[in-house]
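Naming follows writing order (A, B, C and D), and every chain is counted from residue 1.
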Amino acid sequence: MTDLCGIELEHPIVNASGTWDAIAALRAFGDDVIERFPFAAFVSKTITLQPRQGNPPPRLWETAAGLINSIGLPNKGLAGYLEHDLPVLARLPVPLIVNVMGFTRDEVATLVEAVAERDEVAGLELNVSCPNVESGLIMGADPRETAALVERVRPLTAKPLIVKLTPNATDPPAVAEAAQAAGADAVSLVNTLRGMALHPRTGEPWLGAGTGGVSGPAIRAIALAQVAQVAERVSVPVVGMGGVETGAHARALLRAGATAVAVGTESFRDPRAGARVAEELGQLLRKERVSAAT
Amino acid sequence: MTDLCGIELEHPIVNASGTWDAIAALRAFGDDVIERFPFAAFVSKTITLQPRQGNPPPRLWETAAGLINSIGLPNKGLAGYLEHDLPVLARLPVPLIVNVMGFTRDEVATLVEAVAERDEVAGLELNVSCPNVESGLIMGADPRETAALVERVRPLTAKPLIVKLTPNATDPPAVAEAAQAAGADAVSLVNTLRGMALHPRTGEPWLGAGTGGVSGPAIRAIALAQVAQVAERVSVPVVGMGGVETGAHARALLRAGATAVAVGTESFRDPRAGARVAEELGQLLRKERVSAAT
Amino acid sequence: MNRTLAPFERRTGTVEAVEGLGAYRRLRCTDPGGPAPRPGQFYMVALAERWGAGDDERPYLPRAFSYLRWADGTLEFLLEDVGPGTHRLAEARPGEPIHLLGPLGAGFAPVREDRRPLLVGGGIGIVPLLPLRAEMEGGVLLGFRDAEHAVAADLFDDPTVCTDDGSTGHHGLVTELLDDRLDEPVEVYACGPPAMLEAVRLMTGERGVPAQLALESGMACGFGACFGCVVPTRDGYVRVCVDGPVLEAAGLEAVPAH
Amino acid sequence: MNRTLAPFERRTGTVEAVEGLGAYRRLRCTDPGGPAPRPGQFYMVALAERWGAGDDERPYLPRAFSYLRWADGTLEFLLEDVGPGTHRLAEARPGEPIHLLGPLGAGFAPVREDRRPLLVGGGIGIVPLLPLRAEMEGGVLLGFRDAEHAVAADLFDDPTVCTDDGSTGHHGLVTELLDDRLDEPVEVYACGPPAMLEAVRLMTGERGVPAQLALESGMACGFGACFGCVVPTRDGYVRVCVDGPVLEAAGLEAVPAH
């Protein structure tokens, strides 16, 4: 049993937001998805106040041991999510964590309030990797911006608030400290690193949005360093992620100070990667206990 | 011919600082190194005012499509470099760019003045990826710090000053703009991304220094994005680097706005990688000219 | 029903044979416990070992492939070597373990009342038409670059074949052959390169002929998780992997070039 | 002279054979245009294709290997499969292109006046001793984990062999055998695991016996470019790849465990 700021998890492995769509999986795999759900909690893809179509394709580029994506947060918007998705997600056998993002503090506040009041929701994750359209600053890259945001929404709910940090920042530990001081119950990292690729023939940017975010094994060592530095500086639990493919990778993040570990891109290669990583991690931890005892 | 802020290059490919030691190469390969030098300019490893032993081993960790290093800038110090290394490096058939780093602005000033006055030196590269021991800030992560440093040393020499940016920053383009405004003749990027690895058995940090810097293909897409963003914001030439293994990778950085391209970790796999990349790049550019003409 | 649910498991089969078929490679492997797919569905495929270390250290993600044949416990794919993933698969050795996820997506729908199916394939796009042809009578028009690629047409019985260079069959584009048939009461089932499918979409649209297009798109996951494979439709972007790959031409805004 | 200069070129040979030798694998390849190396020198080796995509998507960098034999145009290596790089090489197929850089580093120095060479090897560390033995008469003490590893001792003529588990030869550590010989006027030439070399360093130091140790160290480049392979000596860190791999025991602060 893992306690993630009050959210009870069967094991420490959850999905990374935006890398697993339980509703689409039900269409592809049927109810097995519910009976054999691979994660200890389900983190929904980022929802915004208004519906979003997302970025123009192409949205994907495969890079060395990694993926660049420019999905652009397509989603049904708050109302659509609450009406259509939430009832289906309530069928999942695990706690539901809803990831939200807004372009102003008020927007985030509206989202947090409306989502938190729903009983199906165990906790919220704030995606602060986007610019504040008022200040122009990336909310999650600036400690003051992050603090102001968390202070604004903290009073709106007693449910766990997880702040998801961006790695595209000079000092993620400072941002994490600011989030904690402002009342965040946990922090999660890393989000994707800004990346780019050019069309092999035309030389123009390949991705419809020009640039995207890098994920997968290519960022594993960078993620581990940031998780370790953040965990050293905050006392709230840390959800570590970035390139996790095996139980050993998850173990490394736990050693670095993470309480839970999220599996993202690896799920694209294996839809049940979460369950496999959890299994491998469990075996590693048992082995360690045995050799420690003897 | 490539003109890098006044430094004439036979082709656009140079070495990345700290990834090619011409003096050691002479010991391993003999004078062929001089007769068939693989780069259009030689960029020396960072030198500091005082001699440095560097970090305790282990200093290397191989990660997915990349390398993490914690070398720690071992060098003979300014005096040792000028007395022992410079005379040997003067034998190289290409322009010499000396990379320097200091822990205070005065230290950097001393280095720049002493190095720039030597005729063997064609230009200087300022490694600003380290903390200013006075302000505690990473010089190259903060636009004001960078501007203050460049303003301090700019008057000391008429020779080209290249500021090497760190990717571990929220807004590298802002730092580049500040460097340009303060009188930098060019900027180079990216340096390594902060990364970490744990010992496979003990779980303790593998690297003697705890963390290190990630280089190689794993950071290629991240480097390309930063080079493109910086090149868009500054008018001075940009030296692009990060994971370059082939002429196509160099071509992408040139398209993104770079004037020259540095080859780093790939030289560890092939000591003449620079010459190969230059050759492949030349073929690509010729092909493009032909198909453009027809 | 045009969608067989995939087992919720990336399963591991064994490569049995990889042989050339004209310009293409045919890969046969075991599919332990895999259900019978529907024509137009696809699989996400990756070799279990040494998947990577090709050009630019790729492939990393699995690749999407329509199935050429499925017979209890055995799958066949037809591959065109266009990059590191298909190259690695084209070099697979018998006995190698191979990861399979699928069948995925929505296949072709039954033909409409009072219409005869007309199957139109271009290049490697002929693949999903073979299992479809086994289920419905109807004409088959196949276009290829040249005779070497057209060898794959032998998989079909009496198809009408054309090549861009005239090295075999009619000299010209398959869409030219299609044009002559659009006055008949047909329903078009097409798969091929984007340019061909876009032409089919426009032609059938003008002539009011229903058409089902099996699209391709760069995919990371194949089961709706990444939102990366979208194409623009009249009601916004849809995911080719779960809402397609077979989509009604009438619903599409365009067939994207990528 | 204990250092042959390497051609300034990563050259590409061809794998001719890979066979088992007890617990180890022996790889033979062509070495087009490579010069004769000196005992104790090494090569940076990587297969030209599919170098990567093993555990954790590795290997990425080439790996360092002493040479077991060199005869005009042909190189032999002995490998212990301990990770993705050695694993890939152990699986190499005849005909595969293989990248070679070398010979690199400084090999063993001639024996001192009035001293007889005593060669001491542990495990895979016996490799550089074979070409050395061909150049100098003297005793050979070899230690292995067990009989399966000790098979490699057959490469030498009449070595004294011991195993940790006593499954063949003397039961015990090679350093115990060495201890009995240190009163003789010998010069020790040793290569093996860090713990063994550290023991040799301390023993020979106490008894005032000169010893040359062939060290290992994690390497990225092998030609002094990365400063990654350093070991601590009495005059600071030195690079094993250019100042070594053979270093005088007396000059070392310690033989690092990594």
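What we mean here is this: contacts are C-beta pairs under 8 Å (C-beta built on N, C-alpha and C of every residue); 3 or more make two chains touch, one makes a residue touch a chain.
Here the structure is a predicted model, which means the values were calculated and not measured.
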Smallest count of steps, each to a touching chain, taking chain C to chain D: 1
Of all other chains, the one whose Cα centre sits farthest from chain B: C
A-C against A-D, pair bridged by the larger set of C-beta contacts: A-C
Chain centre separation in whole Å, for chain C relative to chain A (CA means): 34
Chain B-chain C separation of Cα centroids, rounded to whole Å: 47
Shared interface positions of chain D, touching two or more other chains: 52, 56-57
Overlap residues in chain B, where contacts from two or more other chains coincide: 63-66, 217
Topology of the chain contact graph, where touching chains are joined (line, ring, star, complete, other): complete
In the complex with chain B, residue positions of chain D that touch it: 5-10, 46, 52, 56-62, 99, 101, 104-105, 217-221, 223-232, 236-237, 239, 242, 256, 258
Footprint of chain C on chain D - complex, ascending: 49-54, 57
Contacting residues of chain B [partner chain C, same complex]: 65, 217
Chain A contact footprint on chain B (complex, rising order): 61, 63-66, 68, 138, 141-142, 168-171, 193-198, 200, 203, 211, 214, 217-222, 224-226, 228-229, 243, 248, 251-252, 255-256
Interface residues, chain A side, partner chain C - complex: 18-21, 23-25, 27-30, 32-33, 36, 45, 53-54, 57-60, 62-67, 69, 71, 74, 216-217, 265, 267-272
